[in-house]
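For reference, the structures are reproduced in the following blocks.
Across the two complexes that follow, chain A remains constant while its partner is chain B and subsequently chain C.
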Partner chain A sequence: MNLGNVGNILMLVCLLASLIQSTQLLPKKIDIDYKIFSRLPFYSSLLAFILLIYIFVDSNFNYQLVVNNSHSEKPLIYKIAGAWGNHEGSLLLWILVLTIFNFMFSYSKIEHTDFKKNVTAFQSLMIFGFTLFLLLTSNPFTPTETFVSEGLGLNPVLQDLLLAIHPPILYVGYVGYSLVLSFAIGGMITNKVDKEWAEWLHPWVLTAWIFLTLGIGLGSFWAYYELGWGGYWFWDPVENASLMPWLAGTALFHCVIILKKKNILQSWTILLSILTFSLSLIGTFLVRSGILNSVHTFASDPARGLFILIFLAIILIISFTLYAFKGPLLDNKSEMSLVSKESSILANNWLLLSTLFVVFLGTLYPLGTDLFLQKSTSVGPNYYILSLLPITVLLLFFMIIGPNAKWQSDKISNIILSTNKLFILSLAIIFGFSIYFDELHLTQITLLTLCLTLILVSIKDGLRVNHNYTIIKPSLGKSLAHIGFGLLILSVVANATFAQEKIFQAKVNDILILDDQKFRFDSVEQNKGKNYNSIIATFHLMDNKTILETFKPEIRVYSNPPTVTSETSIIRKFLTDIYVVMNIPENSDFVNVRIHIKPLISFIWLSIILMVIGGMSAIVFRVKLKK
Partner chain B sequence: MKNLKLKYFLPVVITIVFVIFFSQLLKKDVTKLSSQLIEKPVPTFNMPTLLNDNQSFSTTDVIASDIALVNIWSSWCIPCRSEHEILMLLSKIEGIDLYGINYKDKEDNALDFINKLGNPFKKIGVDNNGRSSMVWGVYGIPETFIIHKGTVIYKHIGPIHMNELEEIILPILGDIL
Partner chain C sequence: MSKKVKKRLITILLSSLVLIIATLLITMNLKDNIIYFYSPTELQGASIDKKNIIRVGGLVKEDSYEYNDKTKIYSFIITDNSNDVDVEFVGIMPNLFAENKGVVVEGLAIDKKKITAIKVLAKHDENYMPPEVIDALKKEGQWQEK
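Coming up: the complex of A and B.
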């Protein structure tokens, strides 16, 4: 029996088992052991995934996918990564992640069996849908029709270790929210949307959030370091597609905290749960159908787009219809004080959703004008910056006062008292900084001051010790994540303010000057890599006669498929990145060199790491409800 | 059913609106991007040919044909391979001349491709470094232009699928044939 058939059979097992399990959603349940049928798809898709990796490692050119995406001379790690660096393989990975969440949830210690059955059943319905999608339109085990002796290679831009691990991490985030949706459905069917439900959901929603944060961060890091675009975020539609579920998911887990603590906002939390995974699906739809084109797009096919759209419509219409009937019954009648921790979290909820709306509109607007007005428009960074600026200011403001407000109700004077000193300190620092540099506008001062206040307030909040001199663990995660967010906005603003960039046409021995720094262009040489030829230039950052740093930007010419890539040379210092990238125009005796000096870039990555660690410690030290 | 509240139905309604919007996006051919060249005369270019060393392929060839179809392809381009049989079909239609521009390719591989899959083209221009194709505004191959009496009337980005041949290409050709 050939391997492709084994793969197909495994996926059929996955399909059938999840179909059987999803019948548990019906009012009249068939008597089956939900544990078996919610775990079986995991085993079979795991084996199928391992099998796919095996045929890639083995360079088995009997399979179309291997032919299209691999090459026998490719380094082993990229052969492995090639398995999911394409539409079909990544869909299999997507299914695997769906089943992993179902598998792990089936082991959770929740004692409400009916709830567990419904959650695993809805999750299985989604597994069924995606597996059907895989088998009908995107089978990774399709054999080749003719004999092929060598593969067509992998896009060299995609031969990068970071890129190999970035999609799987992002998928865990994206797909993790599927379980959150299943929680919402299970909760509504069994009328179990309360404190306890929120407690069960809390670690899952954080897990998805952590992976999504990390995945977006890695993607941004990759774009900065590999693509040589000279930036870390481009408001590219595909980046936006991952940002949207992140925004909804961030709003969601804050609501879950309120629900867990105060037993309010049930229907709002359910709505956000459905919305978050909807946005994951919409993002997937827009990218996979080829409606959005970018560096991320796999070969597109209208049939695939149609399938995802039908699937998306079914899942969303079921979920929202259930919500329409159950939603009004969920909420407890309770009053919320205007000044309280929950009200400031809710305010930030609205601000996050406003951000989401801005991003959503910016992403879909060009598609809409193209469709209705037959006119192509593009939405640039200015739109995002201008619209998000006031929102960010308010968001930072509520993040500063929120953690210092008490639950239930608080006095404004208390909150002001607890934050005003740090605010004044921050203002003084930024003001002093501004006088020193003499170039900050009011907006920049406002943003930087708020960021710094947020960082200081969160540090104070996180290091608050109780009388035994131990750090209060439950607030540690929140503090770290909030410090991270403050640092993120701070570095983004500082970077935008102080970054320098210049393009030079240079010949060997030229001295290039940018921002008082001298770069000497020393030499150009040719080199041969494993599967490419390259041209390497050498630049030295000089201080009079001494060499401070050496830059070696590179141009690689890959033969299979013929592609030219620019490898950026980056020197990272604690506060500033210096970034040299070149290209060589044909028939000319000079090279084009672009030098960037970018302050605080490393802080952007640091801030993302802080948010991720914050999320992790929020899981580890989460408060358990008293029974 | 007295507990039903209208505002809770809003998400379903919004979902349905978006699903309809998305389905319209799908229907609209995403490859049918507007090109700077549409309604403009054929750009000026001149390049050597693949099969015949002494000839050249230039603007004059394209203008000389009443209806010309210029396809930009390469042997390393997988979608070009799948599109090729459609081009073979198109080449059988009377009154249309197909021209190819072989983009950033190796001569041996290109010849091999044509020998194996057939040659639908009247002439194949060679553009080794991708420079001569720049006037066509190429940004990803395959791309196909339809030219009527020296004016570019349509640009197709990506491979021509069978359904696109029937729904887009043939109707356009039908109008001008």
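Coming up: the complex of A and C.
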């Protein structure tokens, strides 16, 4: 039997089953077993996805998608990754993740059946929408019209192991927030937005957050070594697109915690749920439609962007109509004290949303000038840095005092007492550093001191032991994640302050000097890789006559499709990275070499890992409500 | 006015004040950091502030690409086949830089015919053309669909 038809039938099953399940949203419910219809789409889209991978591995050039994105000489792992390295395949992956969340949720031990039916029904409605889109406009199983014997290949910049696993992880994060939206819709329909609702939502909202954090981290890590510009974050639209739902999602899960604890902020939590998934969709729209220029090129098509916009509009109309009716009834009328844990979390909510506003404006402004003024523009990184600086200072401040404040109400003096010693200690350390090593500016001192205080306060707060010398678990996750955030800002600031780079025009046997370190250019040789030819240079970091480190930056020339890339050579040490990248200008007898010395880069990756582990332990050790 | 209402009113007024100031600061900051794109022809008619970073894009003119061994300066000409702009650049040229291919540079204009580039923006593959360059060429009627 024709494999493509099997794939089409599987997706039709997915379409119909999710349509049937979504009828459960109607006030008059048809009597069906919601479990069957919320699980069936998962099985069928999983099989379709496996089938798609199979035709890629098999290099089956009867399918247009394989022809456009694969090549028989490509290494196996990139044949597999090629299945989702394009629009159609990634859409199928998106649907698969939607169904995975629905599938897993259908097994959850929530006893409120009506709520479960509504949540799975709304999730199914989204699955239906995306499956319809796939079948109508972007079917991955479209056969070729004429006989083709060889594929066109995959963009070499994308032939990278990390980039192969990066989109699935990012998608789990993006799409995870779809279930959060379904929770909001289901909760509003069944009038069940309370402490218990927050308790059910808690692990899901954290799961999405963990994957999104990890996905952004991996993307940044990839850009650092693959793009060869020495940076790890470029305020590029594609990066911003993933940062925006992260910011809203971070605000959201803090609210879920307050709701679970104090039974307040119901309608605000619902609003944030709607906002977060909308931003996930906007993020996808920005990336897929190609309306914004990006350093990360993707296959793009305006029609596809239009679909996502229409889909977003439908979701927003449904959500806000429901919210207009139910929203005002949700809230518990209770006053909040100005000095309390919940008020400082709420303050940080606003700061996160301000950050979101800054990023949103900077990302969409060029689109506005393009549409309305027919003028092409871009926004420089200074905009982000200057705008976010004061916000970050306040954010760090509230992160320091918040965890030390009591719920309900507290005295300012208590909070100051519990944090002032560590603050003074941090200030002394940073001042000492500034005097003995490098002179720092006031903003750098402020930021670094606050980061260090946050790290110390979080360590003191979270790594507590009780009298049996066992770790107090519930606060562990929060502390790890906060330590991670403090460390992240600290490393970013330190890196921006102390990084050095220099460009050299070098010939063999030249000695290149940067920051008292001597690099000797030893040789250039040609090499043949699996599906490319390359030129490899050898540089040695020297101490008098002894070789300390060897760098082998590379230039690769791919033929399918024809592309040239520079591969960086990075030596990672605990405190600094040394980063070497080269290229060869046309008709020249020298190579261009750029050497970077970048301090604390490893700590940036470490801080992201800390946040992810923090998120995980917050799920595992979450506090259960007393019945 | 009851005490509660008064308290609420003050909160609302204060927070909207903060919001307005923040928004003003952010938008002013945005205005300072916008990088405008010009084709060589557009650059002739534009009023350029020499302190602001701009982008210029077009094709690299044939036989214009040179490297000075002593000054380490690369120079080339960006053209949209109606007007030319001279570019000087110190740094690393991207791998796929070539004559008769599309390019976008970011830098400071010295005058309307000359720019000192800070960055020469990389292209991703041989067939890729920066969208701004396509638009710029279309405006001058120089773009041919393949």
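We adopt the following convention: the second predicted complex is superposed on the first by the 623 of 627 C-alpha atoms of A that agree within 3 Å, B and C clash if a C-alpha of one lies under 4 Å from a C-alpha of the other, contacts with A are read in each partner's own complex, and residues count from 1 in each chain.
One rule holds for everything that comes next: contacts are C-beta pairs under 8 Å (C-beta built on N, C-alpha and C of every residue); 3 or more make two chains touch, one makes a residue touch a chain.
Everything numeric in this text was worked out from a predicted model, so none of it was measured.
Because the two structures share chain A, they can be overlaid on it, and in that overlay chain B clashes with chain C.
In the superposition on chain A, A:L425 makes contact with neither chain B nor chain C.
In the overlay built on the shared chain, the residue A:L46 is in contact with neither chain B nor chain C. When the shared chain is aligned, chain C comes close enough to touch A:N382, but chain B does not.
Contact with chain C, but none with chain B, is seen for A:Q505 once the two complexes are overlaid on the shared chain. Residue contacts after overlaying the shared chain place A:F357 against chain C, while chain B stays out of touching range.
Using the contact criterion defined above for the overlaid structures, shared-chain residue A:I459 touches neither chain B nor chain C, since it reaches no partner. In the superposition on chain A, A:T565 contacts chain C only, with no contact to chain B. Taken together, the two structures place residues 293, 376, 561-562, 586 of chain A in contact with chain B in one case and with chain C in the other. Here chain A touches chain C in the complex through residues 155, 157, 293, 295, 297, 354, 357-358, 361-362, 365, 369, 375-380, 382-383, 386-387, 503, 505, 555, 561-566, 583, 585-586, 588, 592, 594, going by the rule given at the top.
Contact residues on chain C toward chain A in their complex (touch as defined above): 22, 25-27, 29-30, 32-37, 53, 55, 65, 67, 72, 74, 90-98, 122, 124-128, 130-132, 135. Of all residues in chain B, only 3-5, 8-9, 11-12, 15-16, 18-19, 21-26, 28, 30, 33-34, 76-79, 104-105, 129, 131, 158, 161 touch chain A in the complex they form.
Contact residues on chain A toward chain B in their complex (touch as defined above): 68, 152, 267, 271, 274-275, 278, 282, 285, 289-291, 293, 299-300, 302, 305-306, 309, 312-313, 316-317, 320-321, 323-325, 327-329, 367-368, 370-371, 376, 560-562, 586.
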